[in-house]
Structure formats: C-alpha cells, structure tokens
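Shared chain: subunit A. Partners: subunit B in the first complex, subunit C in the second.
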Partner chain A sequence: MLDVWKKTQRNNERPRMLGRNDKILYKLLLLITIISASFVILIAVFITLRGILPFITDNSGLGSVDLWNFFTDTVWLRGQTFVSTAYGAGFLILNTLYIVFLSLLISFPISVFTAVFIAKIAPEKLAYLMRTAVEMMASIPSIVYGLVGAGVVLPIIYNTARSLGTHSSGGNSTLAVVIVLAFMSIPTITAVSEVSIRNVDENLEKASLALGASNIQTQFKVVLIAAKSGIFAGVILAVGRALGEATAVSLVAGNSRSGPNFGLFDITSTITSTMLQGLKETQGIDYDIRFSLGVLLMVVIVITNVLLNLVKRKVGKLHG
Partner chain B sequence: MGKPQKVKDIFMKTITYLGSGFSLLFLTITMIFIFSNGFGLISFGLFTGDYHAKYYAGRPASVECEGCEVTDELKGYYSSVYGIALYDDFDRAGNVVIKVSYVHENSPLLNMLDTNNPNQSISLKVDDVVTRVAFFDQPSALTRNGASMMIQSMDQSTEIRELTFSTLGGGIRGSLITTLYLIGMSLALALPIGILTAIYFSEFAPVNRLTNLLRSFIETLTGVPSIIYGLLGITLFIPITVRLNLSQGANLFAGAMTMAVILLPVVIRTTEETLKSIPNSYRHASLALGANYTQTVKKVVLPNALPGIMTATFLAVGRIIGESAALIFVLGTAVKDTVRVNESSTTLAVHIWTVMTDEPSNIELASSIAFIILIIVLILNIGVKYMSYLINKKLRGVV
Partner chain C sequence: MKKIIVLLVLIAIGFVTLGCGNDGFDSSQRPSVYTRDTTSGTRDGFMKGIGFGDAAANDSLLVDGFATRDNNAIMQAMTIDEYGIGYISLASLNDTVKGVNFNGVEPTVENVINDTYDLKRPFMYMLRANDDWESQEIKEIAHAFIAFLHSIDGGDIINDQGAVALPSNYTWESVRDTHPICQGDNSALTLRFGGSDSIQRIAEALSAEFSPRCGNVVTENDHTGSGDAFRRTQGDQKDQVVGKHIGYASRPFRGDELNTPDDTRGQLAWDAIVVIIHKDNPVDSLTAEQIKRIYSGEYETWEDVIE
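Right after this comes the complex of A and B.
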C-alpha cells in the first residue's frame, strides 16, 4: 500500500491525488466490492423469505406449518407427505448438536496432540511429512470422506454392533456420522492449532525452561495454555463446518424420521441430511420446508458461534 | 529432573506420537480405500463412455464370415462362424456380464437389422455387452450361461434369430464435461470480481467503517455452509436464468453463479494477501516515473500479483471439483451423457453422490471418480506450493 495514500486512508478521506481516470477506477472497484459484499445479505434475505413461507401461507389448502411444533416436535412429519403439514425439526437440532459434540470429543485431542507434535516435538523431516499429510486431509472433498465412511466405517460398525449383540441398520448410525465428521475436523483444528502454538512468544518457553521445567512439561503446561485462544478458534471453525456438512453425513446417517436418536448404533439424521432427503419433487410443501430447515441451520450455526466465542473470551482470560 | 517427571515426559511424548499416528492412519485408510477400490475401473473407456447404457436387438443379415479363421490368441472364446470373441467380465456396477473382446472385420454381426427399427442397420462393437443370443433351433444363450456356452451355441446353431446387446454404460464423460464447463464458467465470473475486490481492499480502500463492514461481510461468506449456497442458487440464480430465457429449470449458468459466490472469499483473500506482499518500492518507482494510480495498478501491481492469482485459481478449481451439496440443489442429481449449459447435469462430485444414493449403491464407480478427483486435487496442491515458492523467491530477491 502506498504511504502517501495510506495517510489519506487513515484520515478517512478519499485519496486526494487521484486523477480523473483514477476516480473512475476507484468508483468501479468500490461498486464491485459492494456487489461481492452484498451476497451474504442476499443469502440471508432470500432464504429467510422463502423459509418463512410455509409458516405464513396455507400451503395451497393444507394449512400452515405450526412454528412452535416445528421447533419442538420429535417426529419429522406426522401424517402423509403432501397431505399433512405437521413438520417437526426439534429432534434434528438435538441430533445435530449431539453428533457435532461427540465428533469433537474424538477430533479435539487427536488434533491438539498432532499440532503439538508437528510444531514442537517431531524432528524436522517428520514434521514436514505430517504437515503435508494434514494439508492433504484438508484438501480432500467432503463427498470423498462420505464415500470412505460408507465403504470403510459402515462395515466396521455393522460387524461391531453384531458382535456386541445389538442391531445397526447396515452400519448407518450416529457413530458413523461422528467418525466421519471427526475425520473431517482433524485437519481444520490441527492447522489452526499448529499456527497458534508456533506463534507463542519464545520468551515464555525460555522462562519455563530456565525455571527447570522439562521440554515436554513446558510444551504442555506453558505453550499449550498460551495458545489456547488460537486452538479454540480452530475448534469454532471446525464446529461451524461440521454443523453445515451435508453430503458426507447423509451417506452414513441412515436418515431417521423421528428422534432424538442418542443411541450410538441407531440411525440418525441431522438438519442437513434431512434437507437432502427425497429431492424428487421440486414443488410443494415438502420441497419448500427445506428452506425453513436452511434458516434453522443458519440460526443454529450463528447461535453456536456466538456462544462459543463467549466461551473463548472467558477461556482466553484465564491464566492471564 | 526427578525420575517420575521423566516417566511422565516420555508418556506425554508418546501420546503426541499416537495422536499424529491416528491422523496419519485416517489419511492412509482413506487413500488405500480409494486407490484399491477405484483403480480397477480406471480406463480410457471410463472417461469417454456414456453413463446410460444403450440397448439394441438385431438380427444378422447373413451367416457367412469369410476368412474369419483367426490364429492369434484372443481374450476369451472365439467363434469362427460369426467372427467375434466373447469373455466373462464385470460391468462398472459389479454385475457379471459377457463382453465382446474382438470383432472380425468380415463378421456378419457388423451388419445387423435392427429389430425395433427395421430400416436401420446396427453393429456390434468391442466392449459391448451381449445379454442374449436367441436361435431358431435351440434355446437362447444368456449371460448366466457364460461366454464359453454362448460361443458354443452360436457355433452349433444354423442361424441367429436375435442378438440382444448393449453398450457398457457407467462412463463418466458427461460428468467430466460438466465439471470442465463449470470450472470455466465459475472462474470467468469469480476471478474478475474477486481480483477487482482484492485490488480495492489492498490499494484503494480508505480506513473507515464502510471498509470494515464490507470486509466482514465477505469474511462471513467463508462460514456459510455449502448447502445454504445451494438454496441461494434455487431462490435467486435459477429464477434469474429462467427470467433471462436461458433455461427452464436447473442449469449450468445458475450452477456457475452459485459456485462463483462460494469462490469469492477464497479468491479475494488469496489475491489480497499477494497484493499486500508486493513491496511499496515497486509502486513508488512507478509513481515517480510519472504513472498515475490506474497505470500503476495495471502495469506494476497486477503483473507482480500473478503467482497469487494463479494460487487463487488453483484453490478455486479444487473447490469446484469437490463441491457437492450446493450443486445437488442447483444442478440436480440426474447424470447426463449429453451436456447442455441450459440443462441440468452432474459434476464428478455429484456423480459420486448419485451412484452412492442409488439402490444398490456402486462403491467401485464412486471410488474411481473419487480417485480421479484426488489426483486432480493433488496436482492442484503441488501447483499451490510451487506458486508460493515463486512468490517467496521473488520477495527474497527484492529485499
């Protein structure tokens, strides 16, 4: 950035040295930037507008969807499709949050240990190898994770459930979704954690070592604590992605129509997997209700994000 | 250092090794699964073949095959009466089929009367699947009898009443073309908008609230799940394309617009980072030579940002190839063999979803497509690394 320019930028003025051509370019660029920025508003407005339609119209004679029922009911649809409008997504919210929480239980420790390993413990060559591996994991598309889940995880879960004497629907289960989401979260949390671990002030480390703490002690009790804010940011990012993941989840969920499904070997469904169900018709209430689910998904993501950010601020304050 | 501390240290160290071991294990399992399941189907025909098999039934016009004695070793079993060789194999859905491995140039099966359309003549080609051969004087030979039985029956019989066969099917040509179209169209939209926005932020934006607001809006796009973009495509872009008379329903234009919105934050962030890494001395030099700001941006800033723009392009292509949820909504899930930009069709990733949600699901074909996707993603990753190497080299040269 130009210093002369930067000065005018700081003074909250338009650059004064612009000639006529420059002004045209400036305006054009501003316009395009506003267009780029407007998409997030377009998304919110258009999807919300269509998402509330089932609640305020009578859906061509079927009656409107009950909002309270939609948020609390434990059965996706009571009655027949295109006949009834008694939609309920309460159990989907619970399922989604439950699944994401469980997947975090797996991915969080693995990711943090991997990040410490890459940043501090591994020999240089091994660290390079692991970093490349994490980058590769991050670039694998989600549908491929879904495919691996369907091809590898489902048979294992099916056989495990059988040997435990319980039943699982071909392996489609809460556990399968949890494992697939954990797979997908690991690169995100690891990459962000590794950067924040490496950015910890070196003096902190040296001070700890000088006080007689061993290297490992320092990494876990000083560096990790100092990096916790960054690690938490990685967790927030991963949770956001896991909440919104659709295709991979729908391939291994089994798509239950009622819930909540807390059993590990029971079939389940999330907000996103329900949105992908039965896309044969592209009109009518059963299609439009997807937009309501989309709005619900955005609301869940925003609320989770805000809550986690509050926690992050609290956690960041602990230990100075 | 006390002994208990040493034990603790070794324990914690082992745990970090285990943690990364798990990460590596997950990656290895993914790779091994995709490669072992997908490699079997990778062939030239997979890329060029139709997904939907075409079915034919025909009757040979003659029973003579002159000079059809073949001495070479042929795959499977050879009928010197009809001049074709058949062998047992699996199709791309894993079903047992009888395939044609060789057709002699004088074979009567190259000139058959189409049963469904008597004026037309059809011919059997290599790699076609023969499902039934019916005769006048003996029972039909079917797939379940095997290739050797079928050839034997053909040789023994005096005349073929009807030969039912189909093309192999299960190819991905349509999805491949759609993916290429989508890459071209989405980049054509996303790159100009993204690069110009990045130039605004890096070179022109004043430090004020509006800039911060615009920036935070664009950053929010990163956190929006792709399935939500799919809904945006349905409510906004498909109606726009329909209004413009480009299409009647789901179409590639709307898909490209949706993809462009998804790509915007990636393109903007990557390009802006590169623009910021260009030393100010470059700009000063240009201005000191009398160039105005527009010329400076065009002739000095942009050319130096080229590796960054390439990086953005690679990342964008990777995102397009891997995107599934949004495109399921905007492009539909029906696999097409003839791709038209104003109709629905599937990309490679959506093709995986389609074959996995079919009954029964086809893990082999899905893995083959995933294999192709992974190879492309791998190449793109190497491209990104090379570009960042170029940028670093350039900057080192300046300082």
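Right after this comes the complex of A and C.
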C-alpha cells in the first residue's frame, strides 16, 4: 500500500506556475496541514511535560521518583500508594515486548496465509467476501475484542490450564493477552499484505510458472518474497497497534503488580494496562506517574518502529 | 499441506477434550486472589474491614500473583475460577457466585441494618466551601438537600438502593419550613452532583426524589470516582466546567481532603462488602483473620483455610 502511494506521489509533479486562486488554496491547505500536524506535537509535548514532573519535582513533599529505578525495577510500587515514590516499570517494558512478540508469532503466519489465499488462490466472489470480512474485523473497536476475550477466551484458558495440572487466575494470563492481541493484529497484517501481494508484477509469476514451478511453489517462493516489503509494513502497523492497546489487554491480563511475567498461564500486565488501572480514581503522584508511563510507551514505540524499519529496509534489499 | 491440516485438527480436538476435564474441588490448590486497584473505595473498605489496613494502598503486602480487576470482572472471574477469592459490593451480589459469611454473619441487607455484619465502608459527601457558591440560592438548595439526605425520607431511598442509611429521627415534612428556598420555583437552577460511581444509583435516586420537593430544581449527576468528590468541589477542578456543588465518595476522606471545613462534609450511608468464592468451593464462612491470611499469602492452599 505504502509503495503504491509513494509511486503515485513521485509521478505527480507539482505545477510550477500558480494562479492567484491556486495560491490562496495552497496557503489554506498549508494552514490546515500545520494545524493537524501540530496536534501530534501538542500531544507529545503535553504528555512529556506532565510525564517528567514526578522525576523533577518533590511531589508535594514525597520526594522525586528515581529515574533509573523507574526504568529497571521489577515491582510497580514498593510501599504505600500516595506515600511512596518507588515506582518501577522495568518489568512492564519486558512484559509488553514479550507479549507483542508472542502475539506476532501467532498472527503473522495466519495473516500471510490468509492474504495469499484472498489475493491469489480464492475465486473472485469468495475473495471479495473475505476481503470485506477482514476490513470489517479491522474496524471493530478494541473493547469488543476485549469483551470476547473476557467472555470466551478466559474460560477456555482456565480449563486448559486446569487439565494441564496448573492453575491460572480465572484465565487472566499472558496467553489470554497474546491471543486477543493476535486476533486484533490479524486483520491489519492481512489487509496490508493482501494489497502488496496483489501488486506483485504479474510477469514474475508468469516467468516462474513458465520455468515449471507449480502454482503453490510460485505463490510461496516468488510472490511472497517479492511482496515481503509490503508485508513487513503491515507487521509494523500491527506491532504499533498491539503495543498501544490498553482496553482489551487490561480486560484479560489480570494486571500483575510485579514481574517480569513470562509464564503463559500467569497473570501479567503491560505499560498500557497499568496506565489504565485506577486512572479515574487516582490523584497526585499516582496520577502523574501514568503520564510518565505514557512517555515510556512513546519511547518504546518509536524505538521499536525505528528498529523494525531498519530490518524492513535490510529485508527488502535481499533478493531484490 | 495435509500434515498441517491434520496437525490443526489434532490441536483443536486437544483443546476441546482438555476443556471438558472437570473433576470437582481440589483443596490442595492455592487460592487465586483477586483485588480491586489501590485507588478503589471498595478495596479501602475491604482491607480495613479484615484488619489488613496496611494493604489498602500497598500492593507489595499482598500474596504473589494476585490479580487486579474491577467489580464486574471479579464477579465474572468467580464464576470460572473454582479456587478464586474476591470481594464486591453487597448490591452487586447475585446467585452466580457464593457470598461468604463474614465472622459467621450472613451478608444480607438486614444484617447490615442491624449492625451485625461488619465488613462495610462509609458513603460520604462533600459540599463546596461556605464562601464559594455561585449564588445564595444554590447554597441554600444544597443545604436543603443535605437535610433531606439525613431525613427518614432520604434514608428510605438509600435503603431501597441496597446501601444502608444512617439512623434518622426526623422526616422531610418536619424540617421543610426551615428551608424556605424550597417553597419557591427553582426550575431555572441546576444542582450539580459528582464523585464516586459506586454511589451513582443512590445519588440519582436521591436527586430524582429531592427535585419535586424543592421547587423542581434541576439536578445533574456526573459520577467519575471518589477522588473527584473533593477535587471537583473544593480541589483544583472546582472552578472548571466539571466543578460540582456536592461530591460523593465511597471511602473515608483522606490526605488533602481532610483539610476542608468540618461542616462541608459528612456521611450518608454504609455500604457492605461481600467476600465471594466459586459455587463449588465448600467454604461457607470465613473470619477476618482467615481472609487476611489468604490475602497476605500465609495460607498457601485451600486445605490450610479449611483446617
């Protein structure tokens, strides 16, 4: 999708001479663009300003939060709420990355296979039907995924854990979060992958078939390889969504207060679920620290995105 | 391709058969502990009620691996988790879970009214400061409301909603004349309520009954959490659009909230908290000490509790 967009952008050269009306329109559009872009900056600045408060002020006599401790500690809060400032989010970073990685292990293969099926193998009518279904899935609000997770996934996980001889807290677990996030990522990766698979040069396919490769061989060894850059773009989008998902996650995570929680049937928590927990009820330092988590989350998302984009560029270059 | 399909089918069958395995209560399992968040009023009432007040706002004192969920999620978890233990408001209790007797007393509305059931928390209110009202009329109406709240009529409404009003010895009828503002037409004035969402149903019922008794004053209930009772009446948000005339809190006031004039706050009712477990759990009654030992992790299995 991104590649196609870039291509059309390159072909649209801008007209050099502008009439008066064009100039007015140009300025108007520029203004609107600046306004919408500045919202992003405004949000980032607001969250950051609020988020560094716990570290630089003495929090009305409680003392400031230790930055190193915040990044590395394995317990959310040592001591009493509203009294202690020993906040730690180190385990939340690990939990969040671990969960997103596991959910990708499930959603990536399923999405890519679905995309190949829709783009290349399914008959036209079926493909249209499934494409619509995937698009609809992508637009379902996350709270609905969370409710499905809480109502359907939790009992299954509880019973599974029980038959395996272990015990989970009513199904609230890492596995439940991973499954819910995987379900949420599948439509995103599928939709983007499907477009990029359809955009693979038909001549490549024909060449492969002419050389004697079977249809399945062609799809998996030629088309998929050629579309990998677009597929990766879908993965990046999905990872962004998964990292930032709060509502659905906090409905099935169990919200542990210490960690890191690597056990599949143990309760867990992520940066976002911790931000959401008790947000409406709290005040003072316990409220401000949630903005610090917001800053932390933005940093994690930016770093992950940069790394993934680097990988994407590397992967894109291999085999052309 | 065939192998993959066979594998998928096997996994699916595995899940189904695993899901069906269910062989009664195994008391050698550890209790899985559920709690509300440290900012919850219910948690505050619960922890203090079982003599574990230190843990009201301190998660590090609780047993390892406890889950933090909200009222409904704890209810729902207890329908699935045979080894779970949690707590909810008495008003939310239904027969999908088992409400445990506290110190031998059954969790019923009657037992809270006759003060034998001890696991409960206060419902509080806070008014704006005496010199901080947008008009004298609104101030008088708000004070009339507080008088109504403490009357037998107000108490009936509170009791009807599942909470327990404080004892009262006067009717609204008998004090109405001391609030002349209620004789006139107040339909152009709006009294704004906020604060705890646990009190929302009670507060809305009170507002609805009070309005016709006081010149049809318009009432507005916007409930966002106990913390906002103070914040939006006398705290930093009191002059913003979300500012309120009366705020409710479902826990005792604390910290900064107590630096307010005594005559601007008070209690309107008690709310009972119930310890709930799965229906298959053989336990019927727990003492405060037993519950505390479960929550602190001293009891490692349900066997320890039952002994």
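Everything below uses one rule, namely that the second predicted complex is superposed on the first by the 288 of 320 C-alpha atoms of A that agree within 3 Å, B and C clash if a C-alpha of one lies under 4 Å from a C-alpha of the other, contacts with A are read in each partner's own complex, and residues count from 1 in each chain.
In the analysis below, contacts are C-beta pairs under 8 Å (C-beta built on N, C-alpha and C of every residue); 3 or more make two chains touch, one makes a residue touch a chain.
What you see is a predicted model, and the numbers here were worked out from it, not measured in a lab.
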| item | value |
| --- | --- |
| Touching partner for A:Val83 - first (subunit B), second (subunit C), both, neither | second |
| Greater residue coverage of subunit A in the superposed arrangement, subunit B or subunit C | B |
| Contacts of A:Leu251 with subunit B and subunit C, given as first, second, both or neither | both |
| Touching partner for A:Gly63 - first (subunit B), second (subunit C), both, neither | neither |
| Subunit B versus subunit C as contact partner of A:Tyr158, first or second or both or neither | second |
| Subunit B versus subunit C as contact partner of A:Val144, first or second or both or neither | first |
| First, second, both or neither for A:Gly170, with subunit B first and subunit C second | second |
| Interface residues of subunit A shared between complexes with subunit B and subunit C | 150, 216, 251, 282 |
| Subunit A - residues contacting subunit B, complex | 1-3, 5, 8-10, 12-15, 17-19, 21-22, 25-26, 28-30, 32-43, 46-47, 49-50, 109-114, 116-118, 121-122, 130, 133-137, 139-148, 150-152, 183, 186, 190, 212, 214-217, 220, 237, 240-241, 243-247, 250-251, 272, 275-276, 279, 282, 290-291, 294, 297-298, 301, 305 |
| Footprint of subunit A on subunit B - complex, ascending | 1, 5-6, 8-9, 12-13, 15-20, 22-24, 26-27, 29-30, 33-34, 37, 193-194, 196-197, 199-208, 213-215, 217-218, 220-221, 223-229, 231-232, 235-236, 249, 261, 264, 268, 276, 280, 283-284, 287, 292-294, 297, 318, 321-325, 328-329, 333, 349, 352-353, 356-357, 361, 363, 366-367, 370, 373-374, 377-378, 380-381 |
| For the subunit C and subunit A complex, residues of the former touching the latter | 1, 15, 18-22, 29-30, 32-34, 37-41, 54, 57-60, 62, 64-69, 73, 76-78, 80-81, 83-84, 197, 224-227, 231, 255 |
| Of all residues in subunit A, those that touch subunit C in their complex | 75-84, 150, 154-156, 158-160, 162-164, 167-172, 216, 251, 254-258, 266-267, 277-278, 280-283, 286 |
